[in-house]
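Note that chain A is present in both complexes that follow, paired respectively with chain B and with chain C.
Now for the complex of A and B:
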C-alpha cells in the first residue's frame, strides 16, 4: 500500500521535525514547508490527504494558506489541522475556521501523541473519492 | 527514514547524497566504486544493493576481516584490481566499513591508482561518515527527548488547569490522574490520600486495561509494599521488570514496572502515588520519576488547598449562623426558622436534580433568606394581632434589605436573587418586584415553598402551629398561582422524608 501523504507547514524547524517524526513513525509520507507560500506550492504538486499548518508564519500565515486552499478546487475540501500559539484568542480563531470549514484547531503546546491520534481519526475516516 | 538502532551506523539523506557525489567522482576519475556496510554486514550504500552475489560475498568477507582485526584490509578483486576497506568508527566502537572497489569496465583502470591514495580518500570519508552518523544519532535522540518534553509540557498545562478548588477535591484529583494515565502511558495509579487516609485506584478503560477483583487486591498489596518503602525513606522508589523478580510473583502477570513517590502535604501528613505499567510497556526512566514527582507536588497543593478551603468555609458558615441567630433572637417565634428552611430547600434542590453549583447557590440563599428582617422593628415582628398596612409594608421590605446588605459580599452575589425574590408569586401578586412565572429564579421558588411550609407548621404570635395535613392543604391552594407546580410536587411527594429529617435535626439539637 502506498503511504498517505501529509503536508506539514511550520516556520520552526523543530516543530516540523517533531511532527514529521511522529507521523513517519506511524507510516505516513510527510512533506514539509516552512511558510504558507511554500506550503501552497507543495500542496499543488503532491496529492495530500491532510494539511497541518502553524497559524503564525512569515510571508503567508496559516489562515491565508487555509483560505488559498479553499480557492483551489483540487484541495477545496482538504482537512486541515491548524496549530495555534497559546497567546492567540481562541474564540476568534474558531470563528474564522468555521467559515472556511473542515479545519480543526490544536493549541500549543500540543501532545504529539494526541496529534497523531487526531490525524489517524481524520485520515482514516476520510472516504476515497 | 528508517533508523538501524540508536548506536548503529546511520545514513541520513544528506550523508547519502554526499556519499553518492563522492562515488560518482571516484568512478569517473579513477574507476573506483564505493560501498558502505554496517558492522553487521548490511549494505547501507548503494541503496539499491550490490550488483552481483559474488561482489556481495567478497565485500562482506572483507568487512568481517576489518571487524575482527579492527584495521584496514585489502583483497584482490577478480582481475580488476584491489578492493580496499577502512573502518568507520566512533571513539568507542566500530560502526561499519567503507569500501573502495574496482568499478566494472571503467577507465582509467584502478590498477593505475596507487593504493595509499585510495586509502587516504577512504580514510578521510570514513571520518566524515562517522561524524555525520553521530550527528544523526544525536539529532534523533534530541528529537525523541523533544517529543517527550512536548508530552510532559501538555501534561503540566492540563494539571495547571486542574488547580482550581471550585470543582472540588475529588474531581480535581480524578482529572489530574486521568491526564497522567493518558500522557504517561500508565495502566494504574493508586493514590494514598493523607487527608482522608484512604486509597483510590485509577485506571483508564480506553488504555485497554481494567483490573479484576483479584488483580485489584494484588495491586493494593503491591501499593502497600511500595508505600512502606517510600514513607520510611522519604524518597521515591522504582522497580522495573517485576515480572522477572521472584519476590513479586503475586503480581507477575499484571504488572511489570512500578514507581512510587511520596506526597507530602504540609500540616496534614504524607501519602503516596504509585504508578504501574503492565508487561510489554516501557520501563520507568528518570524523566518519569521527575514527572510523577512534579505531579505529587501538585497533588499535595491541591489537597492542602482543599483543606484550607474547607476550614475557611466552615468558619464562614459558623459566622453566618451566628449572624442569623442574632436576627432570629429579635423574634421569639422564629428561632431555627432559617436553618429549617435551609434544610428543606437543599433537600428539594437535590430531589429536583439541581447541579452542584446551583445547589451551592441554593445553600447560601436559603440560609440568608430572612436576614433582612434585621431592619423590621421588634414590635412589628412580635405583634400578636393583625398588622396595619404600614406595618405590613415594613415587613415586605425584608427581602430587599437582605439583598442590599449582602450585595457587598462578592462571594454571595449569585445567591442574591434567591433572597430578593423568595416572596414572589407565580401569578405576579408577590413582592418586592411582582415577578411572574419564569421571571422568578428557581432558587427563590424553592425557598418560597420551604418558607411557607415552615411558617405554617411553627407557632406565630397571632396563631398556634398548624398540623402538617392542614399546612399541605394550604400549600396545595397555592399550586400554580403562588408556588411552582414542579417544586410543590416534589415537596408533596417527599413531605414524609422532610418531616423526619427536621425531627432528627431537632432531637440532635436538643441532645447537644
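Now for the complex of A and C:
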C-alpha cells in the first residue's frame, strides 16, 4: 500500500520535526518545506492529500500559499491545516479561511496527538473509498 | 417720532428749541397759536385793525355819498372830506396788503436761506427763527422732517456699523475654521451646503469659498461620502454618525474619519448637519503597528512553547524509545526554554526603550575588557560549532563612558548572530578601528550572508530574513532592533554590510565624546 503524502510547511525546524515524526509514525509520507515558495514548488511535484502550513513565514506566508493553491487547478480542493500563533487576528484568519475554502485552523501551541487525529479525519473523509 | 422719543445726544439748546417750535407748530401747533398769541399779538393784528377801520370808513363814505346824491346839495367841504376818507381807505388797504405780503415773504426767504445753508453744510440742524403764525406750522413741519431725517441717518449708520461688526465676526470665525486641520462642512436640511473650511477641500469638487448655497451633489464627488451626507438626519439634535474614507486626491494610505452631527436650533429641531473630517492616518498606523507587535509577540512566544509542549507530550506518550532520542528531545526542550527566556528579556528591553523608562547608566568602561567579557558568553556555542574566533584589537583601546550591561547585550546579540548564521568550521572575528569622530567595533563572520533587500530591514522590529539557511535558525527578529536602539541611546549606531554566501559584518560606532580622557577613579575601580 502506498503511503499518503502530506506536505508540511513551517519555518521552524522543530515544528517540522515534531509534525513529521508524528505523521510518519502513523504511516504517512511527510515532505517538508521551510517557507511558502518552497512549499508551493513541492506541491507541484508530489501528489499530496493534505497540506499543513504555518501562517507566519518569511518570503511567502501561509495565506499566500493557500491562495496560490486555490489558483492551481490540480490542488484547488486540497484540504489545508493552517497552524497559527496569532491572537488578535484570529477572527480575520477564520474569515479569510472561509473565503478560500477547505481550510482548517489549528492554534499554537498544539498537541501533536490531537493534530494527528484531525489529519486522519480529514484524509479519510477526503479520500474516496 | 414724538418729541419724547428724541435721542438724548442732541444738544440741550437744540432740543429745547425743537420741543418749543415743534410743539408750537406740530400736531397741536395751530391750537397753541390761537390759545396763546403772546405779547406780539397786538402788533400782528394792527394792520388788520387799520384795514377794518378803512373798510368801515369806505362803507360810511359810500352811505354818505348815496345820501348826498339823493339830496343833490354837494359842498366843497363835503368833497374834501370824501377825498380824505378815500385816501385813508386806500392807505389802509395798502398797509393791509403790505403786511400780509411781508408776513409770508420774509419768513419764506429766511426758510429758503437756512435750508440752502443746511444743504450746503450737509449738517441737519433745526431751524431757529422768529416765525409768525403764518409760517409756524411750516417751520414746525420742516424741523420735524429734519429730525426724522436725522433719526433715519442715525439708524442707517447704526445698521452700517452693525453690519461691519457682523462681517468682522464672520471673517474671524472663517479664519479660525480655515486654520483648523480638521475639515468642517455644514449642510442644511435642504441638502444645500452652508459652509466649508479649507481643510474640507480635498473632499469637495469646488473651492471651499464657493460652496455656500450649492447642492451637495454639485460639491461632493465621492459617491460613498455623498450617500453618507445625504442620509436623512436623525430627528434628535446632537446625534452623530461616523464613517471612514480615503480621499482620492490624498496620499493612498490616508484615512479620514467623517463624523456627521445634527445641528439643532433653539427648540432642538434638526436644521442640518455639521460634518467633521479628521485625519486618523497616524492613529490607524499606530493601531496597525500595535496589532502587528502583539501578533508577532504572540507568534514568537507560542512557537517555542509549541515545541516544548509537543516534545513533552511525545516523551509522555513514550515516542522516544531510545536514549539518543530522549536526549535530543530534552535538549530541544532546554533550548526552547532558553529561547523563551531570551525573548522575554528582549521584550522587556524593548518596552523600557520605547516607553522611555530606560536609564542609561554610563560608567567608565574598558572597551577591550567589555568585548572579551561578551565573547566569553558565546564561547561555548563557538566551540560547539568548531568556529575559528579571532579578537583583533589595538593595544591602546580607550575607555568609554557607556552602560556596561546594555553594551554587553549589544555585543552578545551581534556575536550570537554571527555564531548562529555561520556554518560549522567557519570564522568569526571582532576588531576595532578609530576615526576622529568615533570608535568602531566590527563583528564579522563567514556565514550565509544577508540579501541586499533584507539588509535594509534587518534592524526593523520582528523582521527576519528569508532565504536558504535562515529558516533553520530560530530567532525572534528583535535582537538587531534592540541593538540599534541601545546604540542610539549612546549617541552611536549600528550598520551592516554583507554578501550572500560570503559573510556579514556588523559595525557599532561609539562617539568620541564618550571616550574617557582622564581615567581618575576609573583606575581604582578597575
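In the analysis below, the second predicted complex is superposed on the first by the 123 of 129 C-alpha atoms of A that agree within 3 Å, B and C clash if a C-alpha of one lies under 4 Å from a C-alpha of the other, contacts with A are read in each partner's own complex, and residues count from 1 in each chain.
To be clear about the criterion, a residue touches a chain if its C-beta (ideal position, glycine included) is under 8 Å from a C-beta of that chain, and two chains touch if they have at least 3 such contacts.
Only a predicted model underlies this, so the values are computations on that prediction, with no experimental measurement involved.
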{"item": "Which partner reaches more residues of chain A (counting touched residues only), chain B or chain C", "value": "C"}
{"item": "Partner chain(s) touched by A:13 [first = chain B, second = chain C, both, neither]", "value": "second"}
{"item": "Touching partner for A:85 - first (chain B), second (chain C), both, neither", "value": "second"}
{"item": "Which of chain B and chain C A:113 touches, first, second, both or neither", "value": "both"}
{"item": "Touched partner set for A:22, first chain B, second chain C, both or neither", "value": "both"}
{"item": "Touched partner set for A:59, first chain B, second chain C, both or neither", "value": "second"}
{"item": "Which of chain B and chain C A:104 touches, first, second, both or neither", "value": "neither"}
{"item": "Contacts of A:34 with chain B and chain C, given as first, second, both or neither", "value": "second"}
{"item": "Set intersection of chain A contacts, chain C complex versus chain B complex", "value": "14, 18, 21-22, 109-113"}
{"item": "Chain A residues touching chain B - in the complex, by the definition given at the top", "value": "14, 17-18, 21-22, 24, 109-114"}
{"item": "Touching residues (chain side chain B, partner chain A) in the complex", "value": "1, 143, 146-147, 150-151, 153-155, 157, 183"}
{"item": "Residue ranges of chain A in contact with chain C within the complex", "value": "11-15, 18, 21-22, 25, 34-35, 55-59, 85-89, 108-113"}
{"item": "List of chain C residues in touch with chain A within their complex", "value": "291, 294-296, 298-303, 305-311, 313-314, 317, 319, 332, 336, 464-467, 470-472, 474"}
